[in-house]
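Across the two complexes that follow, chain A remains constant while its partner is chain B and subsequently chain C.
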Partner chain A sequence: MLGPYTYCTWLVCSVLEAGVVVCAIKAGAFRRYLPLNLWMLLELLSGLSRFYVLHSYGLKSKEYSYFYYYSEALATIALYFALSSLYAHVLEELKVESYVRMGAVLLLVGTAIFSYSIVRQSADRMTTRFVVEMSQNLYFVGLVLTYLLWGAILKLRETRTRLIQFVLSLGVLFSLFAANYALRNLYPDLRWLWGSLPQLFDCFLPLAWCYTFLRIPEEARIAPARLAVAPR
Partner chain B sequence: MSRRLTVVLLVMLVLVGAMGLKTVVATHGDGSVMMANGGGGPVPPSPWKNGGGGPVPPSPWKNGGGGPVPPSPWK
Partner chain C sequence: MMAGIILVCSVVLFLQFFVFYCRSLIAVSAKQALSPEVQEVTGIQRTASGDDFQRVMQLLQLCPERREDRNGIQAIGLYFRLLNLLHATVARLVPSMNSWTEAERGQCTYFAAVALERRISFSRDMLAQQMDA
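Entry: the complex of A and B
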């Protein structure tokens, strides 16, 4: 049975996702950050369609279950490309866009091959297992890529505040999910808490990105490299 | 050429790192699916868990020979 908390966080999350796209258009940055905006639109569309499927078939129905995991896989692939576009932004001065594209495609293919090698012995529902395994593996690849990107930002002394804000909020989101998963395994008695927190985490990223588009202009600069320098 | 090889090496390093991390997490986890859970909505049960409706059989490699498990040699 779904309670008001689930519906409330779901609604807030959807409104915030729509808000990101509206704020990007208002700030004139929709095309500049097209993959990020497309990912947000896909998340919004995915949330609305899930609501429709959930109310048509029910939470424990196979239809909702399949729809949820397949839409999640699509959204994770879109997130992966959004992350690759952030790499292209950070490394644009090095003129390595073609290498970033090549690396992104190779990594996606490698993850797909790895996922297939895990599920290939499953006789039943192999496609669904593959889709779930692929989403999960892409989540971990995204986690590692985000931390590497933050390292690249520090190393290259990137100063664009908006870009830094996008990367940091993605890093915080991944870390929140990872921490929640770890705590769920450490304290299984509080399963109700660990089960309800991810819905709040979902709202964090669109909220942070709305703030970024609204309050931080494209020209704003910051020096994150100074944070890494230890005072003597 | 060397730049392309560097890209391939970096891709393999990221893949190995991510899959290693996933293996460590999954080994200590409860077997539940971990993903970014975007788009909202409650997480449904896995479509293949207890699919046939019957009870889950014991793992074939646990207590395989039927004998008692010996104490750890390093304790």
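Entry: the complex of A and C
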């Protein structure tokens, strides 16, 4: 049986995810940021389906376990493509959309092959381990890609405040997840702690994106170089 | 070994993204002018001081909370604490860091004052709606 903390974060997260889509529609930005909104809808759908599977088969069932890991992997892949759509936004003037798409697919395949090479020795439950390993690796790849995207924003002097806030909040999320996975491997005894933090992290992104859609108009501009000013 | 490297990279990048994210929130609010009554309540005219942050936050907590503001206010509260830590440690040794943290703390206060302004007008709208009903 899951505890009140899990149920509570689950509910809050689902409400916030629905909130992002509502805010995007309200701000007239649903189609403009379609991949981000689709990812939010997928997260919402996966959360609700997990709840259904949990109640139909139980927490310790094989069905729930498989559904959990596969939906998590699917959501991570979708998030990865949402990130590549932000690349397309930032690089839209360079007309390299097809290259970005191709690069994203190649990197995804590369990450999958790398993850397979790590788990291929384990004969038992290899598929589940592969899915978990790939999700972990994709978070780290996502973090590196977000950092590169931030570099591109600074270099190309991208000024759209909404876009900048999407990228920065995504960077915060990826780095939190990557740190959590690393800590899980370094201190496996505290698995209960590292297992409960991601649910909290999951609430951050929908909250940040709700704020961005509601508070920041599409025409708002900011000089990103100002954000990166260090004291001299 | 690999997990250690990933952890260090993630923490460094997290701090960087977090600081930039907070500064982007602050930069948006810095463009908004405060109304005369909020200026009077907070004592902030054009520039704010970091020492007033707690006072403005207390005023902010007196107003009904708005869900869409909560995330930004919490993030800036965390950023302010991080700046306080820097102000009390590294900034004592590096003078340029001292003036930078002071300016940033002031910007955090201004952000809180802008949030206060929004909450006051939100409360006023709610009251007006109730009166109409």
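Note that in this section the second predicted complex is superposed on the first by the 205 of 232 C-alpha atoms of A that agree within 3 Å, B and C clash if a C-alpha of one lies under 4 Å from a C-alpha of the other, contacts with A are read in each partner's own complex, and residues count from 1 in each chain.
Methods note: contacts are C-beta pairs under 8 Å (C-beta built on N, C-alpha and C of every residue); 3 or more make two chains touch, one makes a residue touch a chain.
Worth saying up front: this structure is predicted, and the values here are computed from it rather than measured.
In the superposed model, A:Leu176 lies in contact with chain C only, and not with chain B. Look at A:Pro35: by the touch rule set out above, it reaches neither chain B nor chain C. When both complexes are overlaid on chain A, the residue A:Arg215 reaches chain C alone and has no touch with chain B.
Residue contacts after overlaying the shared chain place A:Cys13 against chain B, while chain C stays out of touching range.
Once chain A of one complex is fitted onto chain A of the other, the partner contacts of A:Thr111 are limited to chain B, with no touch recorded for chain C.
For chain A, the partner with contacts to more residues, out of chain B and chain C, is B. Of the two partner chains placed by the overlay, only chain B lies in contact with A:Tyr68; chain C stays clear of it. Of the two partner chains placed around the shared chain by superposition, chain B is the only one that A:Thr128 touches, whereas chain C remains out of contact. Looking at the shared chain after the overlay, A:Glu43 reaches chain B, while chain C stays out of its contact range. In the superposed model, A:Leu54 lies in contact with chain B only, and not with chain C.
Chain A residues 140, 143, 178, 181-182, 185 lie at the interface with chain B in one structure and with chain C in the other. Of all residues in chain A, those touching chain C in their complex are 140, 143, 146-147, 150, 161, 164-165, 168-169, 171-172, 175-176, 178-179, 181-183, 185-186, 204, 207-208, 210-211, 214-216, 220, 222, 226-228, 231-232. Residues of chain A touching chain B in their complex: 2, 6, 9-10, 13-14, 42-44, 46-47, 50-51, 54, 59-60, 62, 64-66, 68-69, 71-72, 75-76, 79, 96, 99, 102-103, 106-107, 110-111, 114, 122, 124-125, 128-129, 132, 135-137, 139-145, 148, 173-174, 177-178, 181-182, 184-185, 188, 198-199, 201-202. Contacts from chain C toward chain A in the complex involve residues 3-4, 6-7, 9-11, 13-14, 16-18, 20-21, 23-25, 27-28, 67-72, 94, 96-97, 99-101.
Residue ranges of chain B in contact with chain A, taken from their complex: 3-4, 7-8, 10-12, 14-15, 17-19, 21-22, 25, 28-30, 32-48, 51.
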